[in-house]
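As written, the chains take the letters A, B and C, and residue 1 is the first residue of each chain.
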Amino acid sequence: MNFKHKYLFLLPGFIVLLGILIFPIGFTVRLSLSSWDSFFPGLDFIGLENYTRLFTDDPRFWESFQRLSFMSVITVFLQYTIGFALAHMVWKEIKFQRFFRVLFLIPMMTTPVIMTVIWKTVFHESLGPVNDFFSLFGVTPLWLSSEALSKVTVIIVEVWQWTPFMFLLLLAGLLSLPKEPFLAASIDGAGPIRKFVYVTFPLMAPISIGAIIIRLIEASKIMDTVYVLTSGGPGTSSETSSFYIFIKGLREFQFGYSAALSLTYLIIMIISLTIIAKMLVKLMIRN
Amino acid sequence: MTLIASNLTTKGKEEFFLNDISFEMSPGKIYTIIGRTLSGKTTLLKTIAGLIAQDSGTLSFNGNNFDVIPVWKRQVAMVYQQFINYPHLNVFENIAFPLKQRKVDLAEIKNRVQQAIEQVGLEGFEGRKIQALSGGQQQRVALARSLVKNANILLLDEPLVNLDYKLREQLREEFKKIFSSKASEEAILIYSTTDPIEAMQLGGEVIVMDEGKILQQGSAKEIYENPATTKVAEITNDPAMNLVDGEISGKKITFNNEVILNLPKHFKDLPDGKYSFGIRASGVTIDKSGFPFQIELAEISGSETFLHLNNDQIHVVGLLDAVKNFDIGETVKVSFDIEKLYAFGSDGILMSSPYSGTK
Amino acid sequence: MGTFYVTLKYTAVTLWSMFVIAPFLWALSTSFKDFNSVTSGATYIPWVDFEPTLEGWRVLLRSPAQGGVNIVEPYLNSIFVTSLASFLSILLGTLAAYALSRFTFKAGFVKNDDITFFFISQRIMPPVVLAIPFFIMLGKLGLLDTLLGLVMVYVVLLMPIAVWIMVDFFNKVPVEIDETALIDGCNPIQAFIKVVLPNSIPGMVVAGLFCMIFGWTDFFFAFILTFTEVQLLPVAIVSLNSSITPWWSLSAAALVSVAPLIVVAFIVERYLSKGNLSGALK
């Protein structure tokens, strides 16, 4: 179908989006070519200096990428496995099915920041319940102030917060599966494990991929959690890329440089996410 | 109010959906378009409706250029092969929709909808939700909605293909009745199908399509008796017409040196040489004085048995007017009724038929 | 299903449930504490471990001038901004999604999928990238620290979600229904309003739910783009964090902010069981 009216449908949303975005994006590009910071405010033009700097003189940025990849991959992996397991368990008959389903959805409905504030008190090293529990074993893990554990704490909070999202998508997917393949498998004498491996999992492949990609996109933006929980610390051990950009921009006020960082980050993310998406799809097709 | 198409062509990525289609359709007549799947029937119907624009060529209706008139102003009606109705409306509202859209007044709407409901046999169903209806009933609603508009052109795209056999037969009968009343209203009725039997039963003018082209256009009788090419013979017969390569020499027809037949009278003017001979399944049967063939498959259909026979290189489908079981591989004697033989040239064009003799 | 698997199932489900509820219980208990109960070590059960007070809760209703953090106004602000932004996002997003699902666009080498990608890729941008430019832009427009400014920004965040969900939804509605409406005399706009929309309500509800969830839970943009005049709930609550860390009011505020979405959770589960969410992913 092809009618002139099609523009009437597309354009309002498109123009609004483009309109509101065009300035920020354009401005960011322009900003990245300047050295605007709190000492020298104003849009001068320094060419690609910012970019050179970030590629050659900023290990912290690249480390943040490492951390980000590490944390998001682990988080999404955990969220996927746990989410799938939970979805599978409440999929069919189980007592209090309704209750569990609603309960499992709740964390994602909360404001991440707010819950993180609570988590901060939970993981408080001297006054929080977690260490109260651990003190029974004589240990006081430094959830928020040790380099190793700070990442773990962030991951735990993220898993708590966003597993429901996976859970929701995967449960919706499971509920929409056709019955026939399962009946056929039963007739062939397949037990629950075989059914899962050979019927459920493959059928859920497209949905799994979609869910993982969406969750990866969202996970890579982790900011709120880090900001509240650890402020990227201690040191920079839980600093994600977006947090680093935040610091450079809104804490150190190096606007020009952070703009360059932002754009580089954006491009890297778009490229990697597209690659990952394509890889996952190929993986699915092969199986 | 004639519909005239000139050189309609629509191309896909590699294939032609419509390849230089031209025709003239007069009001008050039924046109059956027969073709295999993907032959372009749906594309043609959608082009006439205005949902798709052709790449080149023109459509005119009643002397006016149809191409500049958008779908919603074309006064056409269409019934799809999937049962398409408005899911959020009940039966009455579904049928009334086009009239409401045209701002017909309520009393008249009631009248016309009632009429349409009676025509399709859905009395009492007015308040029902679409989802509660069976396939056949849904299709009747779609049909009623298309009738109620008194459209100039009524398009039906394989409307019965998704219904079960019995229902198809029943609805086909009802269609014929409805159509004859429509025809008197000067509407053009275009019905597409893949089923040759359906095409023949509906009467009306038959248009044979394949790969976007019109292969032959004529009355059902004409197409039956004199299929213009081997393709047409394949498409318009069920089971497909048997086509066997052979040659004529010395007043005899030979298939593959195995089967030797006398020359029928209507072949007498054909020069010697190679031909593609056509014969319907009804012309091939079991006869003890026939040629040995092996049975590949025996299909019982109603009170007849279709036999898939082969003899070395020759594969034909024959018909036994009885119900009998055969073993696969069994050898039987098969005869060919030479009076029913068609001869097609090496280019596939009809050269001689039992009905019209040699061209 | 062997009994081993069943016990495993119930254990796992119970464990996770405890994990889910844990922070809420802690917050609940903490909301009734006072300074001493908090600083002397972890305490749990009211009346057993500590003396409960309602101070934490009262603080929420007092205005800042009286030493409290009034969260009523931020609450209402959040509701207003989220609802308006969701509404606009669904409105514009559904229209755009319909166009992308039904029609073909071609402007040079840019085609439908690219345009859809453009919409959806907005989600890849971390808030931080847009924060500064938005800050400057809203400043120039005089919309900093205003509800409308925030709505504008949220629409950018939420429209992609609406588009993503609705495109998939529309792809599942047979195009023949649109075509029939056209044949019946509707122009494309009427066909959309009279026939497609009434059948898209489930999709729009889902889109609405997701928009509300993502809108309500935003912190960052509200944080950057509003200060004193306008405060959204998440910001108000986090601002409690930076002062004397009054755990009690923090917990109370957190619980209050979470309550409405529990209702949403019920609604989502309803829809889930009716099988309406499955499509959004392909």
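Note that contacts are C-beta pairs under 8 Å (C-beta built on N, C-alpha and C of every residue); 3 or more make two chains touch, one makes a residue touch a chain.
Nothing here was measured: the structure is a model prediction, and the numbers come from that model.
Among the other chains, the CA centroid farthest from that of subunit A is the one of B. Across the assembly, the chain pair joined by the most C-beta contact pairs is A-C. Rounded to a whole number, the gap between the C-alpha centres of subunit A and subunit B is 57 angstrom.
Distance between chain centres (mean CA atoms), subunit A to subunit C: 15 Å.
Residues of subunit B found to touch two or more other chains are 51, 70. Residue positions of subunit C touching 2 or more other chains, listed in rising order: 179, 182, 187. Multi-chain contact residues of subunit A, defined as those touching 2 or more other chains: 1-3. The touching residues of subunit A, counted against subunit C in their complex, run 1-3, 5-10, 12-14, 16-17, 20-21, 23-25, 27-28, 31, 82, 85-86, 89-90, 94-95, 98, 100-115, 117-122, 126-129, 131-132, 160, 168-169, 171-173, 175-176, 192, 206-207, 210-211, 214, 217-218, 220-221, 223-224, 228, 241-243, 245-246, 249-250, 255, 258-259, 262-263, 265-266, 269-270, 273. If you check the complex, the residues on subunit C that touch subunit B are 174, 176-177, 179-187, 190, 195, 198-199.
Against subunit C, in their complex, subunit B makes its touches with residues 46, 49-51, 70-74, 76-78, 80, 82, 84, 86-88, 97-98, 101-102, 145, 149. Those residues of subunit C lying in contact with subunit A across their complex are 1, 5, 9-10, 12-13, 16-17, 19-23, 26-27, 30, 38-39, 41-42, 44, 92-93, 95-96, 98-100, 102-105, 115, 118-119, 121-134, 136-137, 152-153, 155-156, 159-160, 163, 175, 178-179, 182, 187-189, 192, 213, 216-220, 224, 233-234, 237-238, 240-241, 247, 250-251, 253-254, 257-258, 261-262, 264-266, 268-269, 272-273, 275-282.
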